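This is the structure, below, for whatever I ask next.
Per-chain residue numbering starts at 1, and chain names A, B, C and D are given in the order in which the chains are listed.
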Amino acid sequence: MDISVDFAGINLKNPVFTASGTCGYADELSPFMDVAALGGFITKSISLQPRKGNPTPRIVETDAGMLNAIGLANIGLDRFLDEKIPLIEELDTAVFVNLAGQTIDDYVAVTEKLAKIDAIAGFELNISCPNVKKGGITFGTDPEQIENITKHVKKVAGNKPLMVKLTPTVTDISVTAQAAIDGGADALSLVNTFTAMAIDIETRRPVLANRTGGLSGPAIKPIAVYLVNKVYNEVAKPAGIPLMGLGGITTASDAIEFILAGATTVAVGTASFPNPAASAQIVEGIENYCVEHGISSVKELTGALN
Amino acid sequence: MGNGCNHKHTIFTAHVLESIEIGPLYHRTTFQLDEVGSKAFADAVPGQFAELDLTAVSLPPLEKIPPKLVDACKRNIILRRPFSFADIRKDNPGAIEIDILFCVLGPATVRMTSLRPGDSVSVIGPLGNGFSVPEGTKNALLVAGGMGAPPLQHLGFYLRENFPDMNVVAFAGAKSKEDLPYQLLEAPERDTELAEFSRCDVPAHIATDDGSIGMKGFVTQALENWIRTNDPKSGSTVIYTCGPEPMLAQVAKIAISHDLPCQVSMERRMACGIGLCQSCAIEVRTPASEETVYKLCCKDGPIFDARELVF
Amino acid sequence: MDISVDFAGINLKNPVFTASGTCGYADELSPFMDVAALGGFITKSISLQPRKGNPTPRIVETDAGMLNAIGLANIGLDRFLDEKIPLIEELDTAVFVNLAGQTIDDYVAVTEKLAKIDAIAGFELNISCPNVKKGGITFGTDPEQIENITKHVKKVAGNKPLMVKLTPTVTDISVTAQAAIDGGADALSLVNTFTAMAIDIETRRPVLANRTGGLSGPAIKPIAVYLVNKVYNEVAKPAGIPLMGLGGITTASDAIEFILAGATTVAVGTASFPNPAASAQIVEGIENYCVEHGISSVKELTGALN
Amino acid sequence: MGNGCNHKHTIFTAHVLESIEIGPLYHRTTFQLDEVGSKAFADAVPGQFAELDLTAVSLPPLEKIPPKLVDACKRNIILRRPFSFADIRKDNPGAIEIDILFCVLGPATVRMTSLRPGDSVSVIGPLGNGFSVPEGTKNALLVAGGMGAPPLQHLGFYLRENFPDMNVVAFAGAKSKEDLPYQLLEAPERDTELAEFSRCDVPAHIATDDGSIGMKGFVTQALENWIRTNDPKSGSTVIYTCGPEPMLAQVAKIAISHDLPCQVSMERRMACGIGLCQSCAIEVRTPASEETVYKLCCKDGPIFDARELVF
């Protein structure tokens, strides 16, 4: 029984990643699990300049979900190269770096430098973060801009696969998916969070300092599964482009839902907060499912929805 | 005193030994840690905290939920909740006991009130750095506002046990007598008797906004009074404080103005407690420049030096 | 202390409605509450011809939410007129009829007949149901079509207010909101459900016979609050058009969040299933909130977010 | 027999009196209804059901949840769950007791296993139409497949009490002995002994797919055997059935082919149970035409005439 997958030209131990921004730089997970058990690891978004991020409160729990407005807080490219690349070099799993920026030039500058680093397996292009005012969200909803930015980043990504992360808050996600593919994306990941708001009725103010935040967690899972299935059927399968499914994955059963819907890989985000071993447990659970159901390779399950 | 940032934390199961209501909204729950947890907690110190998973705990019947919280309690929770310790007892090293003293505020703490002996919860801990005792400390001033009490109660016990000669004085403030999260003595004669502190021979200066017990006024005034009277020397006196942020800011200001070292326990909404999410940012000054940066309350704190904090 | 509101020209006892399709024809609620305690009641969608609806399973519970694919099952205009109008005439609350159709002519035909009936206080135009194959969803995402259908229906709606119900699954809901207003809408209601999917990993089939369904319930609340606030600020407030907020409202606190975000009225959907008295309890809770906070009229709260 | 559709249902609180595990996946919980509930249940009959709110009930510790259900149990539930009654005892009219016999299948039923005496849940009921006994019925055949057992156990007690002369025969099928949701007699000598039915002197013909108890085969074969042997006259024999849908279809076919009236208890996923949501559609034939329409399982059922059902 084989749970390895091929994903945009890389062979992965298994389909399970941790999602960008939800697992620090992996060392935070090590008291709870073996990071090498993962198919892959995605870093927090990296931007050219360091970003302090938003003031607090940056999160608020909602029904079966949470809002976050971290604001892409990150140490910036230079410190990332100095401090984090050595950590990444230690990791025995495929590391994707999540790229953020305000302009196409930003994205290109970051990618160019990182493309040279062997320890990095691939890139995830974040064009869809809802918490940055002049940030990616404008790129993320306009097919023309998606194609354009993808093209520019792909050009400097060297031989590393480029995965484009899609926002769910569009009228037709197949259109944005197609645009990324037209721009040269090697894979697509979906979904990012949904823009949302929680209000404190005592103070009559939004709970988050940033007013709005991105909704993640189990609450959004059924929408994410649908969107993965839609993109798989309408765009990705015909184009032969693999998908990473995410949004509310908490258990192996959730992960398998995404895989059946059309995902080749999955990523675990919010679930790692209450259960930092969630991603490793999901790897095990997928393995068990395959054994119990007589599935010789997890690859057979991608898109196997009847 | 240990350094909490040494990744000794882990995930384990804690069993409820006892759960008591010590006031309309205050409860104290004692947990016995399993072997894994006991090992992780061997070096745990006051000021550290743990993340409790309360998602699977039942809600009490509606009529037992404070009316103001009924709506909030309908929310399905998914995240753990951070709590510091009101005490850690290591008498039995394989079955360490921790006390959590909590205030009923929302869906998780309401669920926590229905924990009964025999129930168990998943815990991640010990987390964070904890208080530290600089060499040569002679006076320790513990300044607790409202629900800032638990880690300072713990610190009281800890200092009495480990530094029997140290002069420890507590300051406890709250809106009103009912809001003091202490097991009040039957008839506290003076403003210096709070069961938790008396137990370790620590006198406590009580201040309430309405004067219903202790001095009428803010706990920060009680602190200033004490400093004015006792004129403690910088270098031998340390202030430890925990409570609502405006109070902490005031305590920090007092400490800095008297040039006394001050360790401040901060709180933030935490999604993870272990450095994954960056939700718990605390703005701090950088040594050399005007600029401020964010540290993480869960990893770099929750205890910060008063001098670095930007309130 | 006054909890009455003015909504698109009608005076309502209070801001609380029950949402379309979630409260039958009101008599089902009567063992649990007094329907006259409500500000208003919205009927299940009515179409010109009767609709059998979809095969079962029509629902599945998800994390803090549910999917439904009822398929606008309804008895059709003629039986509605014969059987339900007499019931509606008995109701001492403002009754809005929710209109569904496959073509503009359908909508117009239904509206024309109903416009003559005194017992009907207003209309809600459902152009956004995700569970009907050739149904409203195509109207619901295209601003031109929204404007067009609103115009046609408004023309035959007589003096009754026309509220247009918006789908949340668009790139920019302010654009569709504006289109409805341009078409003559007197009010807007948002949101309808999110298209979503749940997969049974044992059978490898979607749980719902219809494959996809609409996600409703507490899970979607933070997104709905955000969208109401966005439409209020960007479109509704400048245009002087009132909003009805809905999506996951379970408690009075939830309702107040929507009102602070910009809603004049709110509607309770999924919450009535586990708690059929939810809507009446929310009326009470709003009243208590106003008393406790010294608010003389609930009208002051609309859009009062700081 | 009463008509369940008379809007006598209401919402009320039920207190757990007892909760027992009668098999690895089967539990029986006895509730005592409060006054409001007791009044509503005064005329309740077998085949009706209730909607239980289990959202606030705690999850058992992970190690006590069947491994296959651990993932599903992480789901936060918001909807009530429908259950029929395995018995209703009206001895004390102000404190009616109901038995719910349930199978552990997912998040709500797993939560239900942690209910303890003293706990309470919110209930809506009694709902639906219930079984009816046509005038002149002499033989009642109760055909239960798997978890279809509860309402037929109830019907057994009910018929014995109200129609003492009626000839009542039960048929109970399951995959295997362990899947029979009955308190099996210590040593069931014959295939006609099941505690619940023996208690009311109703012989039970047991059939299991693997022959681990009773006859090897489907319960429908046991039914056919009985009919072949006893040649019951139409008009005086009524078949009552509840169980998985393929079995119901087969029972309905047998009934129709022998021209016996047959009342079928149907199940659908229900979001409300009270006619609000239309989720529980059941396809039925219209008297005059080829066309079919949907009725609601919760309001028009759950008991339907075998002849109108489209399987």
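We adopt the following convention: contacts are C-beta pairs under 8 Å (C-beta built on N, C-alpha and C of every residue); 3 or more make two chains touch, one makes a residue touch a chain.
Please read these numbers as outputs of a predicted model, since none were measured by experiment.
Colleague: Farthest chain from chain C, comparing Cα centres?
Modeller: Using the mean of the C-alpha atoms as each chain's centre, the farthest one from chain C is B.
Colleague: Mind checking the centre-to-centre distance between chain A and chain B? Centres are C-alpha means, answer in whole Å.
Modeller: 36
Colleague: When the C-alpha atoms of chain B and chain D are each averaged to a single point, how far apart are the two points in Å?
Modeller: 53
Colleague: How many angstrom lie between the CA centroids of chain A and chain C, rounded to a whole number?
Modeller: It comes to 34 Å between the two C-alpha centres.
Colleague: Among the residues of chain D, which ones contact at least 2 other chains?
Modeller: 75-76, 78
Colleague: So which bits of chain A are touching at least two other chains?
Modeller: As it turns out, chain A has residues touching two or more other chains at 62-65, 217-218, 253.
Colleague: Taking the touch definition from the header, please name the shape of the chain graph: line, ring, star, complete or other.
Modeller: Topology of touching chains reads as complete, every chain touching all others.
Colleague: What residues on chain B touch chain A, complex-wise?
Modeller: Touch list, chain B to chain A: 7, 9-11, 53, 55, 75-80, 124, 268-269, 271-272, 274-283, 293-294.
Colleague: Where on chain B is chain C touching in the complex?
Modeller: 70-72, 74-76
Colleague: Which chain A residues qualify as touching chain B in the complex?
Modeller: Going by the criterion above, the answer is residues 21-24, 28-32, 44, 52-53, 55-66, 68, 70, 73, 217-218, 270, 272-277.
Colleague: Give the list of chain A residues in touch with chain C in this complex.
Modeller: Touch residues, chain A against chain C: 62-65, 67, 141, 169-172, 194-199, 201, 203-206, 212, 215, 217-223, 225-226, 229, 248, 253, 256-257, 260-261, 289, 304-306.
Colleague: With touch defined as at the start, can you tell me which chain A residues reach chain D in the complex?
Modeller: Those in contact with chain D are residues 63-64, 218, 250-254, 285.
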